[in-house]
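One structure is given below, represented as structure tokens, and several questions about it will come after.
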Amino acid sequence: METLKALILNCSLKKSEEQSNTDVMLKDFTNVFDSKHMKSEVIRVADYNVAYGIAADMGNGDEWPKLLEKVKQADILILASPVWLGEKSSISKKVLERLNGSSSETNEQGQPIFYNKVAGAVVTGNEDGAKNAAGDLIFGLAQLGFAIPPNPIAYWVGEAGPRPSYIEAEGYKSDFTQSNIQMASHNLVHLAKILQEHPIPAEGNVSE
Amino acid sequence: METLKALILNCSLKKSEEQSNTDVMLKDFTNVFDSKHMKSEVIRVADYNVAYGIAADMGNGDEWPKLLEKVKQADILILASPVWLGEKSSISKKVLERLNGSSSETNEQGQPIFYNKVAGAVVTGNEDGAKNAAGDLIFGLAQLGFAIPPNPIAYWVGEAGPRPSYIEAEGYKSDFTQSNIQMASHNLVHLAKILQEHPIPAEGNVSE
Amino acid sequence: METLKALILNCSLKKSEEQSNTDVMLKDFTNVFDSKHMKSEVIRVADYNVAYGIAADMGNGDEWPKLLEKVKQADILILASPVWLGEKSSISKKVLERLNGSSSETNEQGQPIFYNKVAGAVVTGNEDGAKNAAGDLIFGLAQLGFAIPPNPIAYWVGEAGPRPSYIEAEGYKSDFTQSNIQMASHNLVHLAKILQEHPIPAEGNVSE
Amino acid sequence: METLKALILNCSLKKSEEQSNTDVMLKDFTNVFDSKHMKSEVIRVADYNVAYGIAADMGNGDEWPKLLEKVKQADILILASPVWLGEKSSISKKVLERLNGSSSETNEQGQPIFYNKVAGAVVTGNEDGAKNAAGDLIFGLAQLGFAIPPNPIAYWVGEAGPRPSYIEAEGYKSDFTQSNIQMASHNLVHLAKILQEHPIPAEGNVSE
């Protein structure tokens, strides 16, 4: 067996020089991946010059191809997003659009290239909108060819209204959120391992 | 290996005495299941007296327990819905609510009872709204513990505006929709078979 | 000026013999309407035998026509919903479907019958999903011909995870939610009054 | 009366050197505005260097302040978006995020600065997703303080699957879409005019 690799794209609106509340939750994910002797990498998408458009490479200094290469190498992809206006971030939508630009690329079997990879979502916000954000991400990834394990998301948001965020509110102490993190991280690993050993047969899903 | 069983809940607003456009697409699914020597059953939810509420049995003649028993026996669950106002039907939401009523029930491993089952969605409408409807269904089912294969949905809608529906418009002749049907049906079978032979380990996903 | 009338349809899954958390927030709305010498009525939709379908009257004891008549008499319509699985209730979707059944009916000017009425939404839940629920309701009502004032919703949900609901959690003490209630209730009245005195001209919106 | 001004932000992923299908539909809107002797302007947001973040001005060459100034001058704001993956574009979400950065700014009455402005949405795509995209835009704008007229959207999408877009498919010949355009454009003008003459009173909606 090859070592499983997890890629986490943190779609915060902030560059990595600023603290992201979501990063704290992501650390809990990478701890689980470490305990499984997996490789994992967390990337702040805002650090890269990712162009707008629906193509694998938009040229003119577009840095998406660097991220796309990492997605191709990964067995597990997690999209992480803050909540703004009750929805996922604009950067997370841009990532879905860019992944869509490779949706007609195929693997050696003729299946979409994201087949046999698994995906999940992580969302933090100061209030309401986590499931709406996560649902868009999960469904987008499933349409693109990723497999989704049970309980594929972890999230924390505070009570309705503008309030302290994850770190300040100590949301990481929430039993519910910790249980989410354990379920999502373990199920991503479980399903990735199962699909690594038993890939989805090339039948009914091969473009002609 | 035990024979795989598929359950399709058609959440049309009409009882089975009236024709459902969605049923025509579902026939294509059951044909694939037949070719795999699987058992499959299509049920019109509107034929049953399904109560409102969040519990496994709401009493007073509630017929959901009959449907829940079928869900428990199934390896594959497909929720099928028409599109109204750009969204899934009210009956399909009621089904999600009722499934939610069993979300704390566990299997012998201590996992939610929907683990190791796979789920997909089928949507037809005369116009816009299929992905919005399907996305809600897929995400709801993933949260409840179902695993989602790649390309888990099949749909057809016509051009924007009030127009002929699937049967009258001969939407079943659409290459795109036929390709959807093949991908979704085969991937549901593939993943169900893989999970039947290699269930998700009870680690990180067991309630205490 | 005629006295303005507000109709609030509480789309809880429970009948009125059971307490609805949402009703407590609705009382704050009717207090504002009372202070404006308006008439208002709160109806628990689950108390009525509302059939499934897309028509003004589905027959067979369908009680929607009673509710539809009240909608027609009202200047303000508020749809209130609990949150289940991060979404509005199945009953609130059924109400949108039934309203849709009258979408081709016109007033004396030839405009859809919901023109010059204003609409808002109220959502309570124990956790995440309020904006997703409210957004579906607001957009559905706007498509049907209702006008939407600024800040048209009031909501309360607790921190992520299964937690106490509005009454038990004393959510009504939230300054944020109280501010929502004041904005939504007043803006509904303001816009209803403006449109009562200055209706939307019959130009560009008249079916031929 | 002052002349009404309409601002249309086309949130296509393409810069204006490339043709946008949505622009063709927007031309139909500006024709209506011209016939009303209004001023209107269509801006391709991708032409501007709009930063990510939740503030009125993110600095470092951020060009959002130029667009924000135009929003402040406008009586009518239309957000126009293509459909990608069944959803609005990432650029349209970024615009909502940036508008959100001014949500605590108030007018002379102490109301949010977007009060007494009206908003609508325009969506074109080659297939399914228009209402989902438009619904997010409409609800986001309503939360920020814009008023929404009845039938506030115009859209066109083709039959399910990858197909020709608006121009190539001659979607502009659709009676349904043309009727949408008439309703949305006229109702935006009607409500903007009513609110210009009869603004929403500063009661219940004033921050303290």
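By letter and in written order, the chains are A, B, C and D; residue numbering begins at 1 in each of them.
Methods note: contacts are C-beta pairs under 8 Å (C-beta built on N, C-alpha and C of every residue); 3 or more make two chains touch, one makes a residue touch a chain.
What you see is a predicted model, and the numbers here were worked out from it, not measured in a lab.
*Asks:* Would you say C-D or B-C is joined by more C-beta pairs in contact?
*Replies:* Greater number of contacting C-beta pairs: C-D.
*Asks:* If more than half of the interface residue numbers appear on both sides, call it same; otherwise different. Which is it for subunit A and subunit C?
*Replies:* same
*Asks:* So what's the Cα centroid distance for subunit B and subunit C, whole Å?
*Replies:* Using C-alpha averages as centres, the distance is 30 Å.
*Asks:* Could you put a whole-Å number on the gap between the CA centroids of subunit A and subunit C?
*Replies:* Computed value for the inter-centroid distance: 36 Å.
*Asks:* Averaging only over C-alpha atoms, locate the centres of subunit C and subunit D and give their separation in whole Å.
*Replies:* 25
*Asks:* Tell me, which residues of subunit A touch at least two other chains?
*Replies:* As it turns out, subunit A has residues touching two or more other chains at 85-86, 131, 135-136, 143.
*Asks:* In the complex, go through subunit D and note every residue touching subunit A.
*Replies:* Touching subunit A: residues 13-14, 46, 52-54, 84-91, 93-94, 96-97, 100, 136, 140, 143 of subunit D.
*Asks:* Considering the complex alone, what residue numbers of subunit B touch subunit D?
*Replies:* Against subunit D, subunit B makes touches at 85-86, 128-132, 135, 155-162, 171, 174-177.
*Asks:* In the complex formed with subunit D, which residues of subunit C make contact?
*Replies:* 32, 112, 114-115, 131, 134-136, 138-139, 142-143, 145-153, 182-183, 185-187, 190-191, 194-195, 197-198, 200-201, 203-205
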